[in-house]
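Presented below are the structures under discussion, each in the form of structure tokens.
Below, chain A partners chain B and then partners chain C, in two separate complexes.
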Partner chain A sequence: MLSPEIWNFKAPDSLVKVEKGNIVNNNCFNTIQKLHHNHLVSVVLPDTLRVPQNICETLKNDCEYYKISNVGLDELVNINFINAFVRKGIFISLSINERIDCDDCMCITPNGFLLLSLTKETYESLGLEGTPSHYYNTKQRYVVSINLLSNHFKPGKKNYDRTKDRLLTLKKMTLLINWEPPHLDICPSSVAKYFDDLKFDVQVCLPDFQMRTNYTIKVPNFTMDNIHEFVEWLGMFSLESDLGGGGESYLSTYETPQPYQEYGQVKFLQWRGFFSSQQINKLLEVLISHLKDEEKPWISLYVQGFSDVVVGWDLQEHHYYTNGDNGYVIVLNSEDYMVYQHMCSKKSYK
Partner chain B sequence: MTLTSSDFSATSKDSGKVYLFNLLKENLPRRTQSELNTLTDSTFVFTTNARKKGKVVRTKKQFLTRKERKKLNILKLPKQDWKYDELCEMRELWKQYMRNNLNLYPKIPTWEDPNWTNFNITLAKSEFIGAELTVIRSKNVNQVGMRGTVVLETKATFQIVTPKNELKILVKKPSVFTFTLDDMKFTIFGKYAIIRPSERSIKKIKTLLLPDL
Partner chain C sequence: MYYYLDISFVNQDITAALFKNHIITSIKHVFGEIAAAIPFDVVKYDPSEIRAIVRVTQDHYVKFRGSLTLAGYYQGKPCAYIVHKVSPLLLSLLGDSRTYVH
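Showing the complex of A and B:
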């Protein structure tokens, strides 16, 4: 085969799910609850001169997350740690700088599971029971799941002792952690203090916030019929692409779909960090109240998950085939809402 | 041609021969008859009767059959009453044996040295009873981390006594074992050690093996 027919390959599968509903029935929060490890959040506010302070502040205040370098995973099954943080409040964590398709990754889900996605070699030398990954037919990857909140998972029990013993042999990882305390009078930084006392290198990370204003922008009208075109426009706008359309240009160009309206100012807000689904929930509540107060035509919220996290939608296994993108767009009208979910392909490797 | 009386007095064995000679004399052409005399000394297979098989007398056996050994429970080691501490002497003996074995080499070779292969063959041909083995990698993940002294080696298993005084039977094939001797650490891929210990000394060992399960 001299020149493989690369143009003949099928486009990778992409799963898109569109859901429509009424805000009063309050279903739009369901989607948010399904994606737990969120990386990027962006909001588009059309026809807005001043962005209300509370929208900007929602994901800035008390949204610090911590980066801990070189943690042995046996620290995470320490019973003091489980009782203090995992049992109370919402604790999420994930490993960074590890690739889901060729390295060993870990994450902690809000329901208290420590999940490890391991390569064959690591799995065989770790010695904890797991299941072969759904995506690899050749059993090249395994998923080990440890229930931290189980009643039997405590010192003195055989399973606990063995788990802790074996996790000691695993290589150290760099983790991101995010903890939401059960009461408002407890500081979220206590988790950082805990790790600092154990002489780990803890760094505070603040979400990276960006705001941008575009002037005289043609904005397509939001209706339920042209959803795909509308989401495409949102993507083009968020990436600051050329929306003008060349007309005569030889290269392919983009034009704003008809019918459109021209607004003087369109605001674009973007947060980058490590957010739990509760924090996104709060932001959506603020956006809904803002929409009711100011009577905007629509507001959109885009959330993207991490590509190298062990779980994707609804705590199902995640992988990286052609992309590792999980995300959703929520467009709110004064009455209705639309959720546009895109999921990672569920195709398994051959 | 008539038969002589002496011919009749012969044994039944000879009578067949005489009959055959007479038959040949009657039927063969005359000029070849003189050559018949040269055949008198030879024996004919079909004139002699096949020897009857004598009864096989069983000699008294010197060993127990496998059936008997199984009945007497000799094939299996007892599960209880092992003392890990008491096996200390055995471990020391094995270490001494292994040191002697490896003393043939002036220094431990690296993979670049010419006697690297010989060193490995010496290692692979030595005995493991008494060694302190640890499972470092296994397809059977529950066995990872198990440590103990080998008390019996069969073709497919190592049977070890753990520090908790339990007898464990470890299958060789899905596991990787390790042992330390002084400041050296050795790794054995069980997959390539599936040989009956008694046959190991004469088994040919490949030099290139894939280090994967």
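Showing the complex of A and C:
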């Protein structure tokens, strides 16, 4: 017989945190504030014949974001840009088409940090100070952090001039940007105009919205005892998988968790794009007010972050192992909420 | 606890049952008779793309994925499995920010 110790292959860890509480305390909003670069949002509404227009439009209206191609990163430390956008309102950005496990990535966080996750070769040729990545014991990757809002970070200062000069040597990237102005009378497209005036290729992107209805669906009751099964069911329903019709099947042994109730119509809504945590906040507020207006068994909200962003939860460093997922599920009923927080593995490479 | 894999098969059009059967054969080929009894579920199958979402327990995930990598032939012809995304949270297979075109 083969040694069981040698044949005990463990799957990569993933971290799950479950939190519950009363909806009156508004603590469920805290989780949303911890994840800043959001890609995918989905909502499941059981027992719903008509979806209120304001739910569909919360992440469609005024949720345009911009894609700017071939930007040199020195443009992002331009003092005019920092004073006009990073210092005012909420500005977030990240590089796309770059993979965090093999390429150079960058992001800008809402608190005004420009973060670069660089391969060893790029880091050594760049010449800016950084720290070795937490995930690579062999120092194969480095993180460079630049505080754009620091009082000393302005033209004429040695640090500023050197940073700008060195960022000029980095390769150009394609960025997504999302800016929420400080006042309602300022148009969010000002940031696009700024880059357009500099002759960059700026493209406006609209979130992709999909809605579907499934009929006669067995919906499990929401209780804290079966939370993993409940979240798995949300996945099965969202992906339109086989929800188990009872009886033995060769393909799948999955069955809807008990106790369940059958509803005539269950709605599924999904948005994809680039959303800030403030935009998700607004959606949750709309969902909570919808729950107060109409009697519903529960409502669920799932949010997924970007796989290749430099920082994930709480601005901690992010990486890509078997996947680069950071996400959370919030399930609400008229009184309570449950937050199922899914964090990427913290395991470091050997 | 489970792991969920979004995989597609590169060879020829096959039915869901044959797809599952081929994975079992691959596990048996690499890890032997006892490992071939690993329980797993094909929770969704799209015959047009030969793409499936498969659920396997965490304890068996590494062996399962190893078998997919080493699966070489289907009915004598070379074949391969493409793993699109893997996650312990099924909802995360809803979309991949890496492949999304903005």
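In this section, the second predicted complex is superposed on the first by the 339 of 350 C-alpha atoms of A that agree within 3 Å, B and C clash if a C-alpha of one lies under 4 Å from a C-alpha of the other, contacts with A are read in each partner's own complex, and residues count from 1 in each chain.
The rule we apply is simple: a contact is a pair of C-beta atoms (placed from the backbone, for glycine too) under 8 Å apart; a residue touches a chain by one contact, two chains touch by 3 or more.
None of these values were measured; they are calculated from a predicted model.
Trainee: Once the shared chain is lined up, is A:L239 touching chain B (first), chain C (second), both, or neither of them?
Mentor: second
Trainee: May I ask you to decide whether A:H228 touches chain B, chain C, both, or neither, giving the answer as first, second, both or neither?
Mentor: A:H228 contacts chain C only, not chain B.
Trainee: Touching A:S125, do we find chain B (first), chain C (second), both, or neither?
Mentor: Touch partner of A:S125: chain B, not chain C.
Trainee: When the two structures are overlaid on chain A, which partner does A:T138 contact: first (chain B), second (chain C), both, or neither?
Mentor: So A:T138 meets neither chain B nor chain C here.
Trainee: According to the stated criteria, A:N323 is in contact with first (chain B), second (chain C), both, or neither; which is it?
Mentor: After superposition on chain A, A:N323 lies in contact with chain C alone.
Trainee: Going by the contact rule set out at the top, does A:N147 touch chain B (first), chain C (second), both, or neither?
Mentor: In the superposition, A:N147 touches no partner, neither chain B nor chain C.
Trainee: Comparing chain B against chain C, which has contacts with more of the residues in chain A?
Mentor: C
Trainee: Taking the superposition on A as described, I'd like to know which of chain B and chain C A:R166 touches: first, second, both or neither.
Mentor: A:R166 sits against chain B, while chain C stays out of touch.
Trainee: Which positions of chain C touch chain A when the two form their complex?
Mentor: 1-4, 16-17, 20, 39, 41-45, 53, 55, 58-59, 61-63, 66, 85-98, 100, 102
Trainee: Contact residues on chain A for chain B in the complex?
Mentor: So the residues of chain A touching chain B come out as 121, 123-130, 162, 165-166.
Trainee: Residue numbers of chain B touching chain A in their complex, please.
Mentor: So the residues of chain B in touch with chain A come to 136-139, 141-145, 213.
Trainee: Once bound in the complex, which stretches of chain A touch chain C?
Mentor: Going by the criterion above, the answer is residues 9-11, 14, 16, 39-40, 42, 65, 67, 96, 99, 176, 205, 228, 231-232, 234-236, 238-242, 250-254, 270, 272-274, 302, 304-308, 322-325, 327, 329, 342.
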